[in-house]
Each structure stands twice: as C-alpha cells, then as structure tokens.
C-alpha cells in the first residue's frame, strides 16, 4: 500500500488538487471560470458514462450488474438513516439539517469515483463497466430518504405550500437531474455505439480524460478550501463526522461488495461510492426542497472535508481494505 | 440505404442529439453553459474551415470550385423567393414574417453540414474541400433576398429611421458576421498552411473533432426541443412547411449539383446545404434589421423542426438521392 | 532568417493572430466568449509550466538555472527605471502613468513566450525547461519598481488611505497572482511527476497545445486591434516607444543571456521575456494599486502595440540576434 | 416629453433553484412579465457566497414591473416565504412609457 | 453627509443586436455614459426566452444616469421604437454625488 | 398589503480589483450585506470598455440596502475616492419587507 499511496502523491491529478487547495489557503485570486468548470463536470460525466457503456457492450449484461445496482440503491437509501442519527446525536444538528446533510452522504460524488477509477487502474485493479450504472443509481435514493428524515422534523410541512409547480420541479430535480441524465444517457449511448462507434470519439473522451481531470481537480481544490476558509457553520464535531462518515460508509460498501461477490476493483469502487458525498446533484435538490436548511453546513462537510479526505486518503484506504477482503 | 440509416442511429454523434432532445422533452434541468456552447460552435467552424483549406491546398483550385460557389450563391439568393411565397400562401404568414423566415431557409446551417460530412465520410463518399467555401458563400445572399421580400411588405420602411449607424451595423452583420469571418478566414489559413502547417494543430482540430461535435449536438438537441416546447407561434401549417422545405430545397440542391457535374459526395453536400436552415447568423441579422418580425417563428421552424429533421432523416434521404442521380 | 520569417507567416498560430486583428479592424462582431478565453490562458500557463517542470526533472537542476533566474529577476526590477524615464521624457507622461506603464514592460507576457517557444522549436533551437521558472520569476519585481516610481510622483500617497485590507489585497495580487501560482505550481508538479507522470496528461497539455494557442491568439488579435481602434489615449510618441521598448529590452536580454552563458535557444527566450510586456498580471495590480493611472495607456501600449509587434516581428529579430551573438 | 405613468418595480434576489418559485408567483398574480439578471457574489447574515456552477451555489435577481395593486399582491404572496427561503425583496416607483402594457 | 443631487436613472432592456441602437441614442442626446448589464432569461407577451449564445437569443440591460432634461430627450427619442423593437424602459429619480458629472 | 418600510438602496459601479475595497467600506459602516452583479460593457469620460477576463478589464455593480443613516455613512466613506477610483454611485429610496433586517 505504501508505494500506492506514494504514487498517489506523485500523480498530477492529485497534485493539481493539492495546488488548488494551497492557492485558496493563501487566498490567491486564482479561479477557474465558472462556465468552464461546469463544462468540465459535464465532460467527465459523459466520458465516464460512455466508457462504462462501451465496457458493458463488450462484456454483456450479467447478474452481477443487477445485484450491484440493487445493492447500490439500497445502500444509498439506507445510509442517510444512521448518518442522520449520528448527526443529531454527535453533531448536535436539528432534524432538518441532519436530514439535509445525510442525503449528501447517501448519494455519491462523481469526481471521487472517477479519481478512484484512475487510481485503481494504476494499480491494475480494473473496475467493471457497469459500476457507472451503479453510480447513477445511487444518486437519487438518498435524496428521498434525506427528505423523509428532514420533513419528519418539521412542525408544519413548509414545503407543502409549494403547490403543484414546486412539487413537479422537485421530482424532476430528484429523478432527472443533470448528473443522472448524463450518466445514464451516455452509458446507454456507449452501450449502443459499442467499441467501434466509440473509436471516433475516443480522442476527446478517453485520451484527453486525465488532463481534464487535472484541471477540474484544481478547481475543486480551490472551491473546497475557499469554502472551508469562509465557513461559519462548521463545528469540530461536524468536521470529525465528515471524516468518520467516509470511513464508516466506505467499510460498509466494501463489505457489501465483497458479500455479493464482485471483483476486487469493483468492491473498492462500491466502497468509494458509499464513502463519497454528493456536492453536485443533492445540494440543488436541497435548496429547492429544504430552503430552510443551512447550505453552509452540508456543502462545507461534503465538499470541503469529505471530498478532500477521500481524494487524499479515503480511496487508498478503501482500496487496501478491498484487497484485504476480496483478494488480489 | 437501410444499413446507412441504421448506422446513423448507432453513431454517438446522432445519439447525443437524441439524448439532448429527450432531456429537454422530459424537462430535465440539464444545460450546457452558454459560453462553452458558443466556444464549441466557433471551434467547429474553424475546424471545418481549416480542413477545407488544407484539402484545397492539396488538390489545387479548379473550375469545379468556381461553378460550385456560383451555384451556391445563386441558390442561396433564389430559394427565399419561393419559400416566402409558400410561407404566405400555405403558412399564412404576413410578408414581413415570411421574408424573415425565408432568409433562414436560403442560408445554411454549419452543424448540419458538418454532421453530413461525418455521415458521408462513413459511407466512403468524400466531399470536396472547396465545399466549405461554398458553405461560407451561401450564408449571406439569402439575408439580402429575405430583407428585400420583407421590406416590400412594410407600409413605411421602419428600418430607415435607423440612420447611418444602424445601416453600417447591419451591413457588417450581413457580410462580416462571425460565421463568415471564421469560415473564410480559417479556409484561407488552411490553404496557406497546407498539410505540413496543419499537422501541428491536427490533434485539436481534427482528432478531437467528432467528440466536440457530440457535445455540441447534445446542446443543440436541448435547445431545439426546449424551444419547441415553449413555442407559442408554431401552427401545424408552419410545422409541415418546416419539413417540406428541406425536402424541396435539398432536391433542388442535388439536381443543381449533379447538373454542374460535381462528384457524388459534393452533390449530396450541396443538397444538404440547400436543405439546411440557418440558426446562427441569420437570426442575429433579422433581430437587427427586422425587429418587428417574430423570432418565435423563425427560430422554432429552423432550429426546432428543420434542423432535427435534417440530422435524423434529411441527410440520409439526400445522400440516397445524390447516389441515385450522380452514381456512387 | 528569411525562411524563418517566412515560415512564421505560414504558421497557423501566427495566421490566426492576423485573422483576429483583421476581423477587429473591419469591426466584425466576432468574439471569443470571455470565460473560454480565460480558460485558455489558464491552460496555456499550466501546459507551459508542466512541460518546463518535466524538462527539469529530466535534466536536473544546475547552476545555469540559478543564474538565469537571478538575471531575470534583476532585469524585471531594473527595466522599469529606464523605461519610465523614457516615458516621461519622450512619451511626455506624468510620473504616475510612466510608473504604471513601466511596470508592464519590466514584467512579461506568457503568450509571447509561448509563441517564441514554438517558433524557436521550429528552428531547432530548444529552450531550457527552467526558462519557465525564469518567466514566473520575472512577473513580479517589475510591479514593485513600477509602484515605487509611480508613488514617488504622487503628491500625497492616495494609496495609503487604503488601510490594511487594501494593502493585503495588493501584496497577494503582486506575489500570488494567478499567473505566478499557475506557472510555479505546475512547474513543481511537472518536476515531481516527471516524464512518467506526465505521460498520462500529455494528450491534453502537449498534443493539443498548438491548437489551443491558435484559438487564443485569434482572441488576442481581436482584443489588441479592438482596443487600438477604440483607444483615445495613445499618441504617436507613445506608439513609437511601444515599438522601441521591445527592441531595446530584447537586445538587453539577449546580451545578458549570452553573457551568463546560456544556450542559444535560452538566450533568445530571455530576450523575448525582456522584450515582452505584461497584459495579464500587471494591469490587475495597477488597477488596485494605482486606480488613478489611465488603463487606456498601459493596455493599449502593451497589448495593442508591443504584443503584436513581438508576435509578428520581435521574436524573429531577437532570435536572429541571439544566433548572431550566441552562435547556433 | 412623451407621457409616462407610474408603476412599481420589484426586484427579488433568490437562490437559483427557487427562481421558478418566484416567477410562478409573479405569473399567478397576473403580472405580464419578468426578467432575470445574474448575480455573482454576496454577503448576508449567513455569510459570504460566490457563484459556483458546479455545486449550484447560484443566486439570481428577478425583476418585474407591475401596477401598484399587482405589486402589492405579489409582495403579499411572497411575504410568508421571504425568511424561510432567504429572499431579498425591494420595491420602488418607476416611470414607464405606454403603461397599459403592465 | 456629503452633498447629493437628483438625477434620472433610466434602464432599457433590449435584444443584444439592438443595444448599439440604444447606446447610439444615448450618445446622441449628449449623455456622458452608459453601462450594460447581462440578463439571462425573461417572459413577456411574446413568451419565454433564455439566453442562448449560439442562436444569439440574448438581451441586455442598458443603464444610464442623466439630468432630467437629457433623460426626457432620451425617452422621447426611444418612444417611437419601444413597441416595434420590443424595448422595456423604466426611469426613476436617484441621488448622485458630484452631479456635475452627468 | 404586507407592511413595508423605507430603506436606501445604493449601487456602486467599480473596477473588479476595487470591489473588495467597496465591500470593505460597506462592512465597515455596519451594513448587513451586499450583492454583486456582473456588468459587461460601458462608456464614460474615459471612453469605451468591454469585459475582458484575460486582461482583467472588468467592472462589477455592488448593490446594498441599508437604513438611511448607514447609507449616508457609506456615501461619506466613499465620497473621497469616487473620482480617483472611477466609481459611479447612485442611491434611492426603496420599500422593503421586514426592514429590521437591514
């Protein structure tokens, strides 16, 4: 594991993330233009979706894929329940904020997943193509359980005055948010086009991938560290939980992955998915459904603490655990 | 033709367009950042211009190129006349709006052309490099005839109060709009630099081309379908015309192309140029010159109906016709 | 030299710059989306930094690098003193504006450097990897001497009412501006990652480089010519100085480079760095520290005159001089 | 000078995901239109925020011009959610030309 | 408090290709300056629109501060084309510092 | 209609590198918040400018809502640097809901 961890810290991908965090820490004016950052996130989702689809076109669908998808959906739905309980007891959050934060931890971070794929690939631990479908499936259930948990805690359902319009908007945001559409859509396109159709677009979506990931992680490092610096709502208890959750959820994911018999790379990937916390799809849904919740808390925890922790340490730890449990 | 049509629908380029349309149809919040979409359209025009110029540097200028350019200019200028007449009679538009819409159909869509090149290339029907110059030449004449037609119908010339300033702006918009400058400019650069000079920039402008086209068509699918959903001005009569025009104009283009003796690929390309309708250069000119015209009509017709029709069916039909007439 | 100058004018990189200038001269509406242009400038700095770092990882650090960095820093600090004196005497500027303009000429233009690298590379004159570090080091000292010169000329120090906040902002802008952070940061990342780590990101940062440079120079041509067209503050005296400074400073740089024993390519690169004038980092610092200075003067001189002069002629002249002095 | 009439101009700052909620309220009280302006950063009781397209930390300014009574109806409709939804509303008199439009 | 004087602030919403037309009118009546703000979406009698850079479906808000009589001259100059060109104009009193500038 | 109170709305146009200077002044006089709007072009006595991200030729509009006395304090604080720093300040009365917030 040492050499792996070491190679993690000599990989440009990780080094650019560190550069971004350092630049924000010293308050440099460096910033990546917002529309360009957004475009890169779209690119990454399409690229990962396509590659997963092409892999499935090669390997065919199997029972493994179904069981991994079911496991992912159940984990995404279940994790918020104990996360929310811990947030209330240890983190001292009210039910509303606890539910909102918990939704982020049940859901997933695409970039954490993508970085894990790169790190696992460098260690000769291939991840099954269908894991992209698992990733897409895990985006949503956590939002539902998070809302259930938060709403239980609200005296009157302030969301209910929203009327049909707001309800529709919310359902669309939950089930048809950009991440889900891009991941599933390009997964299916990859599966239809297959290796031959993919060949034409490979230079953009495959060859250029790691470079774009560097640029994107530079930006994420900037955003994560700046947010932490400016945050007012983070207590030490919450910061500790933001490190504890990925360890806990990652272990759970690895255990389930090994239990349903996935290959080592995919076991680690499922662990990383559980360990990661959303900061793209879920915050938008929470702003819409729970505007009273404090965005300062959930974004600082998921983006500023859990995300860097996973990139720098979590992925390596989970990979080590997956190797230990699932062999190779 | 069947297998060609089939391969059209397994090509990532087309599938991303369909994904965009579906996402907009179900009202997903997915959107491509505007500055990035604009940048992609600039990239596509430069790439296609360069490639055309390099091809001409290889093959040299010939009489064919001149005749194709003249034919293109005449078609672009002439098409709006009968299109506008049909719009008034069948589409029941007033002269002002008929002229504005007709200008779009005489002019061309760069992305439709680019997609056709890809599809023709996949069918081993190469298109002559100089067709890019024809594309550039066809942007403008239709704007002039459209304005002539629309102005005829205006009681008092509301544009004339504009003074010199507005007139200059309009002339620049018509003759020096971004599309024309980029296409002609990079065509000339390609011709000067030649294959050797091009080699250095080939990775960006050639190898990455198809991937960018996928992303751009994803966005165009989103824009086209969203606009159709929100449109108030489209009647069934206009929708029918928006499908009829590409068939009519495309057939005309193929006949003329075969008549002046172009090769099959170029015949099809000229057909596609005639069949396509502008939604980049012409709308901007119309907003300036005919602000009273209803942008809801001309954009919904050209972008939301004719463009998808051409991408999904028109190009294949025109290719089939070109093969039938000009041999392959 | 003739064939070199000739090949300069058939290189797509230069031709796109000319296209941009022509488009702005005829007042075309063509424009590159601002966030995308900014993203390209970030890309170029990262790419050049990485490549320099990787080169140093291969060649190792040497005494040459140290002496080149010291020479660069001293030149950057010293140049503004005589430049400012000439601006006051010949250019008839007041001390405030003379200091502000002089800061730009002591500092450097990353894009001029990058273009020079490409041109030198095409002439088989490789530039040492550590010159990127020299480039980064030369960004800042000139800002300090420019401020010293300008402040001397101000009756009361209007900047001093700024309080601690403004002082901190300014120091950060001077020492941690985006250019410095990106260049130094990616230089170090390149040095750590080395050729192996770089291999993964090479397709984006190396293979695609020249194409992006074309797009960026298209934009710079547009910006430079538009600014010149709209400028009100440029006199003939200032325009002449804006051509004279690169010749003078470039000659000085070549002499120093040859004097400290650099290789011909690096001698030319040092000359180009001295000849170039900043239009990214320094203007922002001047707006903050010397808001009373006329941005119309310093940007028109550095961006609209010196930059095009260097791209089109200066680099070739300096290369010729470096060959003459340092041999080839 | 061309004749002008008085109308109310209302501007509402809202989180991007809540903008549809605001415009739905404008439509509901029968105002003819609205326009959205981007905003890039801000500070309030909850601290600093910056536009971040990736995390969706965005706000927007909704501007609408309406007659006095429709403006009042809109203010009434939004008042209950101003605090919970973190909206900022300002309203003032403006002159418009051809006021029958609003 | 520092002395302020009253001026008119005028804001005009226009399609991007028509913005030059509006600023030319501002220049023509002798107002010293103007500033352009981006807008991202809107709804009016002609329905919804969204900023689309590719198709050029853009609008912008032109803001200018002027003395009462110059403001009136501008309103007069733009009144005839407000409807045909789909412009939206609002105007109100503002206090400015060092009003001789405007 | 829901109760409203009068507050001052102040908008200040400034070069991007000077925006922090303006918001620091807002914070210093004890105003609770501010919001920044992008601007894309303009013309003044010093001629035309266009938003250029590469050269940092950017301006921004800082908008803040405050009580009369805090607004006056802000105007006093900024008055000395309005000319040297090229700021443009306008101020007017607006109605707000739950005015205790400001």
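We just call them A, B, C, D, E and F in the order they show up, numbering each chain from 1.
The rule is short, and it goes like this: a residue touches a chain if its C-beta (ideal position, glycine included) is under 8 Å from a C-beta of that chain, and two chains touch if they have at least 3 such contacts.
Just so you know, these numbers come straight off a predicted model, no measurement behind them.
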item	value
Neighbouring chains shared between chain E and chain F, ordered by label	D
Of all other chains, the one whose Cα centre sits farthest from chain A	E
Distance-maximising chain from chain D - centres being C-alpha averages	C
Rounded Å distance between chain A and chain D, as computed from the means of their C-alpha atoms	34
Euclidean distance of C-alpha centroids - chain A vs chain C, Å	40
Intercentroid distance (Cα basis), chain F paired with chain B, Å	45
Chain B, residues touching no fewer than two other chains	33-36, 38, 173, 203, 208, 284
Multi-partner residues of chain F (at least 2 other chains)	37-38, 53, 92
Category of the chain touch graph - line, ring, star, complete, other	other
Pairs of chains in contact (touch as defined earlier), listed by label	A-B, A-C, A-D, B-C, B-E, C-F, D-E, D-F, E-F
Chain D to chain E touching residues, read off their complex	1-2, 4, 7, 9, 23, 27, 32-38, 60, 65, 92-98, 101
Residues of chain A touching chain D in the complex	34-35, 37-38, 41, 158, 161-163, 165-166, 169, 173, 219-220, 223, 226, 230-232, 279-280, 283-285, 287-288, 291-292, 294-296, 299, 303
Contacting residues of chain C [partner chain B, same complex]	10-13, 15-16, 19, 22-23, 26-36, 203, 207-208, 210-212, 214-215, 218
Interfacial residue positions of chain D with respect to chain A in the complex	15-18, 20-21, 24, 46-48, 50-57, 80-81, 84-86
Parts of chain E lying in touch with chain D, wherever the complex brings them together	13, 37-45, 59, 61, 72, 75-76, 78-79, 82-83, 88-92
